[in-house]
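First chain A sits with chain B, and in the next complex the same chain sits with chain C.
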Partner chain A sequence: MTGQAGRRPAYFPWFVAPAAIAAVVLAAAMAALLQYAFRQHVPGSLQVGGFTLDNFGRMSSWVYLRVFADSLLLSACTAGFSLVLGYPLALALVRTRSAALKSAILIATIIPLFTGDIVRTYSWLIVLGKNGFVNGSLKWLGLIETPFELLYTMTGVTLALVQYSLPVMVIILSAAISHINPDYEKAAASLGAGPLAVLWKVTLPLSMPGILSGTVTIFAWTLSAFATPQLVGGGKVNMVSNLVYQLGFSNFDFPFAATLSLVSLALIFAILSLLGLATRRLEQAGFR
Partner chain B sequence: MRIARRLVVLSVAALASVSVHAQGKISVSIWGGSWRDFVAEHVGKRFTQETGAQVEFVTGGTIDRLNKAKLSKGNPETDLIFTTSHVGWLYASDDLYEKLDLAKIPNAKNVFPEAMISPFHLGAWSYVYTIAYRPDLVPAGFKFASWGDLWNPKLKGTIGLPDFDPSHIIYAAALLSGGKSAKEWTAGQKKLLELKPNIKAFYNSDATSQEKIGSGETPVQVLLSSNAYHMMSQGVKIELVVPKEGAIVGIDTVGLNKGTKNAELAYKFINILFDPAVQTTLANKVRVSPMSTQAKVDPAVAKLPGMFTTASQWKEQAIVIDHKQRAELLGDWRKWFTENLIAK
Partner chain C sequence: MRPDGILRLAFGAVVAATLAFALLPSVVVVITAFGEKSLLMFPPDGLSTKWFVRAWTYEDFRSGIRNGLLVTAWASGIALVVGTLAAFALERFRFRGRDLLEALLLSPLVIPHFTFGVGFLILASAAGMSRTYSVVVLCHVILVLPFVMRSVYVSLKNVDPMLERAAASLGARPLQVFLRVDLPLLAPGLAGGWLFAAILSFNEFTATLFVTGQRTQTLPVAMYTYVREYADPTMAALSTMLIAATAFALAIANRFLGLDRILSIQAGH
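And now, the complex of A and B:
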């Protein structure tokens, strides 16, 4: 029985081969990145110089540290707001008995995934602009005379990033909430707990793995966001990837761009490791 | 009988394909969009008519194409490269260009001296980066006469600058601060920092530049002249100014890929590019300055700001930053600009 089950089918290598090729290509790219991070930049040339640790020394400049800090702050805000907005949507999506409402939530949250991020970001330029939808509406209502500065600000970039991330957060949370047996909530209600108490003391704790997973996923993928901060930030709000682009493709300083990429990558791995650790702790504590 | 007829048809088809192959094909590396379309329409078609050879365009951004050329060094993917004058020096310093034989480009005899960028690349057309503004969105009656007007406190939070190449504003600030050449750019650092309150945003491409001035988010920009003329043709009210100090010239160039196997055809292509008739169409339609002294530019177009059609205009209105120096200094400029104006 064991021998039969353990034998791999003949087509197995054909299934593994594409993954192996992708892994080799990725490893080669990572090796190139690693190598570039330790090389000198030669001004006015595409060639890199000898080996050096200077690029890592430059990282201590507060200018670059601030971009990292801004990136972490934007990622944290995006993850937090996506969670706050996404949780009620996911809960309604899973618990509602109305097929129409379920479809409406699904369409409203998932459809943005099918538009490209450039299209979505450009639409934010129209919405947030001085003469855009938000300022235009407020002016029309007579609530403001001078338009709010929403573009090229942290607020504008966060708004656009949250809208970009929300579908993914809803999908992750819905998966987690759908695994919670509704009988627990019914039992709590039958013992006198109100809807808020049920949510706070039963549903939320039981959906903690999904909350953690969704928050960290959004945090990590926002940390590598490029198009949204590039367009909505207008060069006034920069994340690490924008700086990498500027240094590499405008300045031709590929070594320092590689160093920033490497540090950013290490940061994301560290965060994902923390997620793994936290998830294991939660599982040990009985949350599944 | 039927078999014989088929054999005849096949033979004719085979001969036709041999003929096309013999006429050849060249591959041209160029930016996408209107630049590619223009060169394809006005140079490519005529080249095919005259030589029978086809033209294949490989499009991409300036730096993307530079990287591709570097990766395919020794066995180039293309025969000809269009790029900016200073990035052309990066091709040259990395040994990615063939030295040009001007005897094979008879039309190059009639170009302005400013077109002779290096032994490897020739200026094909020029434009300026200068002050452009929306008169309806700046304080009433505000006029620009000098680069120094960008520092006027009335323009707080209105200016858009390119983030991919800060050389224009850096050079202008240096000039205003007593610097005499690109090497003395540090003279303008303090002045540049004083510009920060007036900067609203940075743009990273022609498209975002046009979006920002079109929407009025940055009603004042240091803008590429042909982009300004394009926006004007779309109905956006824009004023373009050549300040009294002059406008910063940008020159797009053409060069041969090192190791090209189609050098003879590539030279013919370049020669057509410098044909006065092609250069005339270039100026009249795209609003870029011709490099041929023989171009017959429409007088109404010739007098537009940023159009240089005479030697005296080049002398009086154009600021040409030494291209090689610009390539060498761009790294330092970008670093300083990123650290002090963008990221700070």
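And now, the complex of A and C:
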């Protein structure tokens, strides 16, 4: 649909100009971030000092490396768990014949995506709190005397992050599964493979591109989570985003906050580039 | 029961359990909202609707809703126009810098919102526009543009270029072709894209937290501040209202536009 090559209509500049302005503003914001990352912090002031590389040196401190390590660990766990939970859901979404059931599964799956960070995260505070749903139910059943510590732990943050990423994982996986020609599955079944063997040896390998892309996307996406670790982590479990917020709004150290933001951005771009590379390899290996 | 039947049952159970996990927080928050005591606890003691009254009359929430609707109306409206024109031009024409422009416009999909927030905060203070509505709106426009553009791309795939050529051969000028042929055909997709953008803008929290101030704070920011200060079911009541509104909007979007199309999940064979 590249048609109309060469001659462009008179309206063309008016169509592109507003978007070009938006793109320039975005580029300017990222340039401002880049510039700040190389500036000195003047304690007690919002003004920044001269150019320096100190901010990058400070990152090698154990305190900050630990936050990066925790962020990567949380992202990896979240990606893994949402893959395991998301795959059956995606399969059900694509393969259900009833249109009503399909809509119901779709809406139930994506509602958490649209309720917004704060509503979703606040809900987890009630689920995981000392007098919350989990502890309240267990106590009511007589299974425990003293409540579990779930809030402000890695487990609690992971649970909330998995619920947060599940919709996106399901969307990516179901797009991949819907590309699989069901004739392959029928052929395998007619040759005597049981349903589990068909799933394990045909459907699952053929959905590899979706599995790869879903897992890596969620990994990168979780690295940019803020509200969930901020509230469910409550200052005890910190991701890079929480450190950035704290540096900015408690210490007014925006240069270092900019440095950490920049490093996260670079990390995410690197991960997504690797995904692009791996996807091309898969395509060369015969996957669509 | 045949082994196939057992497998189907087990699969159904796994799917149902996963959906229960996904919906659990929403269900718990709705139940908590009707509690009596000012302590957050589950299951709640007694039944009351007083938290709904408090949520509805709490001044910070009211101004948050007003600010949020203002920002959302401007941001989703501007993004709809800018995104539609840009996506149409990017899809139909080849020009210098096209790939760079597209990459920049779609980049908010992968840039972390906190990075975005810090960048816009620094830019705004350099431009002397700190914590103004303009900055919040601009930030939201750029954040939701990719979603509008995406809905245009998807809808354009279903527009037959022969219709454009037919109109042109009958004497329509290029702008007329766009306004009288393409735009009406794109309308349902655009409505979906706009709704999408509006929901995302109204709920956006992370970047907004960085660029708003006391006077310009939107509802999610006001809610965040409330959670940090109080632990009563007022927030649960407000969340309940927001969940209901979101579910309603999604059901409408699905009924008229087909969410699977907006999200580009293809129908199973």
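For the reader, a short list of remarks on this structure follows.
We take it that the second predicted complex is superposed on the first by the 271 of 288 C-alpha atoms of A that agree within 3 Å, B and C clash if a C-alpha of one lies under 4 Å from a C-alpha of the other, contacts with A are read in each partner's own complex, and residues count from 1 in each chain.
Everything that follows uses one rule, which is that contacts are C-beta pairs under 8 Å (C-beta built on N, C-alpha and C of every residue); 3 or more make two chains touch, one makes a residue touch a chain.
As the structure is a computational prediction, the values presented were derived from the model and not from experiment.
After superposition on chain A, the partners chain B and chain C collide with one another. In the overlay built on the shared chain, the residue A:231 is in contact with chain B and with chain C. Of the two partner chains placed by superposition, only chain C is touched by A:220; chain B is not. Between chain B and chain C, more residues of chain A are touched by C.
Look at A:138: by the touch rule set out above, it reaches neither chain B nor chain C. In the superposed model, A:22 makes contact with chain C only, not with chain B. By the touch criterion defined above, A:282 lies against neither chain B nor chain C after alignment on the C-alpha atoms of chain A.
Contact with neither chain B nor chain C is seen for A:204 once the two complexes are overlaid on the shared chain. When both complexes are overlaid on chain A, the residue A:76 reaches neither chain B nor chain C.
Of 200-208, 218-226 or 254-262, the chain B stretch that intrudes into chain C once chain A is superposed is 200-208 (criterion: clashing C-alpha atoms).
Chain A residues 46, 122, 125, 129, 131, 231 lie at the interface with chain B in one structure and with chain C in the other. For chain C in complex with chain A, the touching residues are 3-4, 7, 11, 14-15, 18-19, 21-26, 28-29, 32, 39-43, 81-83, 85-86, 88-89, 91-95, 101, 104-105, 107-108, 110-116, 118-123, 125-126, 138, 141-142, 145, 156-157, 161, 174-175, 178, 199-200, 202-206, 209-210, 220, 223-224, 227, 235-236, 239, 242-243, 246-247, 249-251, 254, 259-260, 263-269. On the chain A side of its complex with chain B, the touching residues are 41, 43-47, 61, 63-64, 66-67, 122, 125, 129-131, 149, 151-152, 230-231, 234-236, 238, 243, 246-247, 249-253.
Against chain C, in their complex, chain A makes its touches with residues 1-5, 8-12, 14-16, 18-20, 22-23, 25-30, 32-33, 36, 46, 85-86, 88-89, 92-96, 103, 105-112, 114-120, 122-127, 129, 131-133, 136-137, 140, 160, 163, 166-167, 171, 174-175, 178-179, 181-182, 194-196, 220, 223-224, 226-227, 231, 241, 244-245, 248, 254, 257-258, 261-262, 264-265, 268-269, 272. Those residues of chain B whose C-beta lies close enough to touch chain A in the complex are 61, 63-64, 66-67, 70, 89-90, 93-94, 157, 163-165, 200-204, 208, 211-212, 215-217, 327-332, 334-335, 338-340, 342-344.
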